[in-house]
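In what comes next, chain A is part of two complexes: it sits with chain B in the first one and with chain C in the second one.
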Partner chain A sequence: MSTTRMTISIKNLKEIADLLNTVVNEAKFKLDANGLSVKAVDPAHVAMISIDVPKEVFLDFQVDGEEEISMDIEKLKSIIKLANSNDTVTMIREKEKLKFEINNIIKSVSLLDNNTVFTPRVPQISSESYVVVAKPELEKGLKAAEDVSDSIRFMLSPDDFRARSISDSEESELILTKELLKEIKCSNPVKSSYPLEYLLKLIKSLSSSEDLKLGFKDDYPLTIEFKFGIPRSGDATIISGSFLLAPRMEQ
Partner chain B sequence: MEFKAKFKIPASLCTKCRGAKLLCGLSFCPITVKSIVTPKVNMFKGNRISGSSPPSVFVGRYGYPKVKVYPSVPQVHGDTSSYEDPKEWMNLQLEDFLSMRLSMIRGGTDVYVQNAADPDKLFQELQLMALSEKYVEVDMTLEKNLSEMSVILDENTPPMGPSAPLLKFQSDYSSPSLSVEKVYGDTDLKAMDAMKFLYSRNEDVSKISKILSVGAIGTKKMRKVVPTRWSITAVDKNLSDDLIEKSKDYPQIDKFQVYVRRTNGNLFVAILTPSNWIYEWGEAWGRGTTWNQWGEETYTEIDNEGYYGRKDYPGIGGCYYSTRLAVGEKLNQMRRSGGAITWREIYPGFSLPVGVWYVRENMRELFKMKPSEFDTLDDALKFVSKFLKVPLESWLRRSTVVKTLKYNNLEKFFSI
Partner chain C sequence: MNTISEKYRPETFDDLIIRKDILLQIKNWLDSWKDGIPAKRALLLWGSPGTGKTTTAITVARESGVPIIEMNSSDQRNAESMKRVALMASIYSDLFNDHKGDTKGFQRIILIDEADNIFEGRNSGTGGDFGGLSELSKIIAATHNPIIITLNDFYSFRRKNAGRDIINRSLVLEFKQYTRRGDLDYKTFRNKLTDRIREIASNEHLEFSSERIDELIQKNGQDIRSIINDIVSVLPYSDDKVLSLGASRRDAPVSIYNTISDTFKDRTYEKILIDLWNKDFTTEDYLMWIDQNLPYEADEADDLYKAYDILSVSDMFVGRVMKKQHYAFKGFAEEISAGISSKIEKPNKSYVKYEFPSYIMRMAALRETRETRKSLFLKLSTLMHTGSDKVNDNLWYFSYMTRNRNFLESAEKLLMLSEKEMAMLKTERKLH
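The block that comes next holds the complex of A and B.
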């Protein structure tokens, strides 16, 4: 059996770890000829994330057939902290361990038993209504809502996208009219509320993303599709991910 | 676990602290514990001990499947049942409790776990002693001097006194209770059913785990000796499984019921929820407490399960099931179903591992109180936050039950 060996930039690995950490502490990575993919759902089954890292994103990617690697995400993050932001890391599978090589540091960690880490089925959702917003715009809207309420209501009409939070004493609203949006598809107005804490955690972890595609309908889970990562020079392939979030219960 | 520090503590620290501040960062003052144990060891002259065992038998887990079984006895004659009764321990100061438990001297003998079904003479005598309804007069001869280092302070099992290898053993074991006699004699009865039967006959869970640990229940061929630590959790888990399944058939409670109990160095909180069965047990260890000696801040950990329970052992340990048992008892006593958020805060100063009984009995006491009732989870949490020292937000960050109750989950829309 040949060795499984991957080299990736620390920035990319960090963003993957941070994103997974918004929902779970442990994750199972699938490796195959296309690259690396991972799916995870939080213990309350409120949010789900899936990330696909094409093999072109890696500086080196040697995997035979299919393989699964389960890891503690906190552990992964503590290894990432050993690196500088411009470093690359090489990961080598050694039986039940994964060896990390970062500059002049070598660190081996135990992998988790694949059977103990749950991988969810990710439903296929085609959104009839969606909007593409710039991440900094949405981030501002979420932050404005943060101290108002623990949920935020997304509303989409053919003319604009709004995100509003209301409490007894305070209110916040983000209004992005058609011309401020990168893309909009909506024939009938739709609205649904979502828990803010999950959205804030996600947006804080998405450091290199520019545009977010939000798809939803009335009182239905929200899909956020995003691309991220530092492409290798001369190569435009980057990492894609999607986030699924259950709507807030109507009170 | 040994009570001696694994590193040298400078005298300058001890003289400033004198057992009061635990400056060494240890979970307990090794000098104080030594001062409790040493006189007991020194008082013990020669190699013969006679006394009344509550009865008490401890089974170690090292070397499994060849384990050490220790009959335990204090040098006291008469009714010693309180030495083995968690309900009595609740009324004692921690030092008195420790002093009592650590005064039980243990003589150890090797037993293969599978020999439970066909025991030799000595082990059969130990089994019968463990089954006795009343205290048992015991005469033990030990092979060598007691080792102070052999006392057991563990998060799962109650503290145990010093030990030495057992040379001779004699007891005049008394008869078991009728229900214990029945399960011991019935070699067609599965261990799980035996546990349920004993529990239904009001045998205390600590007694049931003792009977399980000496391999006295189960179908004939399946009888095995079970290390004490495992037997305690096995009983808590199996009995709570049964209670919770039963509770699911009852109507739901109609409000959020909040119970709060403060003890020396601990806060216990339970919120019973008007929902399907869902459960979490969380512990927040303050700086300098038993399992957070060197941390910079309070460490919070929560384990949880949904309607169908969990498949793996919760990382948080045996207290998860001890509390689950107390919750199951409460729901059945109310003849209601519901879910439960259960949290414990442990404050600096509470720094000795005493065993899961402490959590079980405190949760049982907690549920004897009259709850405060609320219509919404937010109101219940707001009320609870008044008692917490750990910020509510840091509990909520880890709480799965709160998120599950507050938010819709994806399964409502897809199968995942």
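The block that comes next holds the complex of A and C.
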């Protein structure tokens, strides 16, 4: 059996770790001939993330058959901190350990038991209405809502997209008219509220992403699809991910 | 948790071994969610270990066809993690619930298991589960999903401020299979249990005679989990089909309630001693509990006089044992007080709700005053270059001085007195 060996840019690995960390502390990575994929759900079943890293994103990717690797995300992040942002990292599986090679540093950490880390099945979520917004625009709207309330209401009509937050004393609203949106598909107005904290964490972790596709309908889970990652020179293949958020229960 | 009792966890309400009236109340409460959020948004199940509290909570989720979010004693349960898990679960829907036609009125069940093991500590610095219970209380007030809380020790839970809030906001049910041996509930319990034991035994390829089953039930009382564990603990010996349960005696810790109840009601000296051997509390606790509850058990003044005499002897004994540090001799004090009921000629025959010793509660309340006094004395003695005993003697003088506005202001600034220390300094003069 040949060894599992992957090399990836530290920027990409950091972004993956940050994204997972918005939802969980431990994750199980699945490796196969296509690349690496990972899914995780928070303990309250409110937020789920799934990330697919095609093998072309890796500078070197040697995996035989299928394999699972479970890791503590905090630990992964602490290793990433040892590197400079332009470095690459090589990970080599050695039995129950994973060896990281960053420049002149070699660090080996033990892996978690695959049976103790839960991989969720992805629920069937589909909405006809969606909108594509520029990340900085949405980010401003979320920041405006911070401190106002714990949740934010997304409203989509054929003419605009709004994100509103209301408390007894304060109110904030982001209004993006059709012209300011990259894409919109909506025949009937829809609205639903989502936990602000997770949205803020997601946006903060998505450093290299430009556009976000938000799909939802009335009181229904929100799907956020995004692409991120630094492509290898001349190669356009990048990482895709999706984030699911449960709606607030309305009375 | 225990894997073997989990393996035989019931799947439906019908499989549950709990009293019919309790099950009915739970079902009614669940049904009430269909018509909107009920007044009591939480269900608090309490009772001794192994009576089916957690099992019932899990079965409720299963029968309702919704996911269950559990926070048990192996999770951290401070304010922050309560917010991250229970709060989120209480107002948002569940990703794993198919979002078609929600007829139940809720999306998931939130289970806070063994809530009496949420150890709050006095501040966030001491770590633990600081703020966990108060956060839980807030979550219950606003939840859109049913919350089920389980705990063993209801009475000490009630003494915590947040615990009391939680109780007020919950439908409280005591888990008990029967009140006394021989009543109707006891017979139903026994029959159901016997069937279940047979079923599990045959599943594990074991054979139990009726006498063995009787012995199992006798030994474990209402603790079904222990019964299942006992059945399985004979597995290694399953080669010989004649199973000796004697090999699997397991001591269950006895709670203070049971011991006090045996001391006053059962009055069998040997039984009380066995309770005391298996106790999970200290000799001092035992004496204080007797002290608190003795007046309810002995109506006659003469009985009370004699009984307290016994108690005082054993208290003296404990005092000497502690002084000499011969802790092993504490057993004698227990044995003396265990016989206390022999001096009660006319015992109270009716049910007594045993109370937690008020002495301990008073001491806890006084602790704050004592600490304020200590820090005030320390500040004054540093300023006056004297010992704190001297400060104590002269406190009346400092108090008197506080009538002077200038002194008061400079003292406050110089000593950085807290509000409580200030109040103590000002009121002390009343004594003189």
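By definition in this document, the second predicted complex is superposed on the first by the 249 of 251 C-alpha atoms of A that agree within 3 Å, B and C clash if a C-alpha of one lies under 4 Å from a C-alpha of the other, contacts with A are read in each partner's own complex, and residues count from 1 in each chain.
In the analysis below, a contact is a pair of C-beta atoms (placed from the backbone, for glycine too) under 8 Å apart; a residue touches a chain by one contact, two chains touch by 3 or more.
If you're wondering where the values come from, they're calculated on a predicted model, not measured in any experiment.
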item	value
Fit or clash - chain C, chain B, common chain A	clash
Contacts of A:221 with chain B and chain C, given as first, second, both or neither	both
Which of chain B and chain C A:8 touches, first, second, both or neither	neither
Which of chain B and chain C A:45 touches, first, second, both or neither	both
First, second, both or neither for A:36, with chain B first and chain C second	neither
Partner chain in contact with A:176 - chain B first, chain C second, else both or neither	neither
Contacts of A:247 with chain B and chain C, given as first, second, both or neither	both
Chain B versus chain C as contact partner of A:116, first or second or both or neither	first
Among 27-35, 153-161, 225-233 or 333-341 on chain B, the segment whose C-alpha atoms clash with chain C after superposition	333-341
Set intersection of chain A contacts, chain C complex versus chain B complex	41-48, 120-121, 123, 195, 220-221, 244, 246-249
For the chain A and chain C complex, residues of the former touching the latter	41-48, 120-121, 123-125, 151, 194-195, 219-221, 244, 246-249, 251
Chain C to chain A touching residues, read off their complex	36-37, 67, 69, 84-86, 88-89, 91-96, 98-99, 107-108, 144-145
Chain A - residues contacting chain B, complex	41-48, 116, 120-123, 195, 220-221, 244, 246-249
Residues on chain B engaged by chain A in the complex (per definition of touch)	304, 312, 400-401, 403-404, 406-416
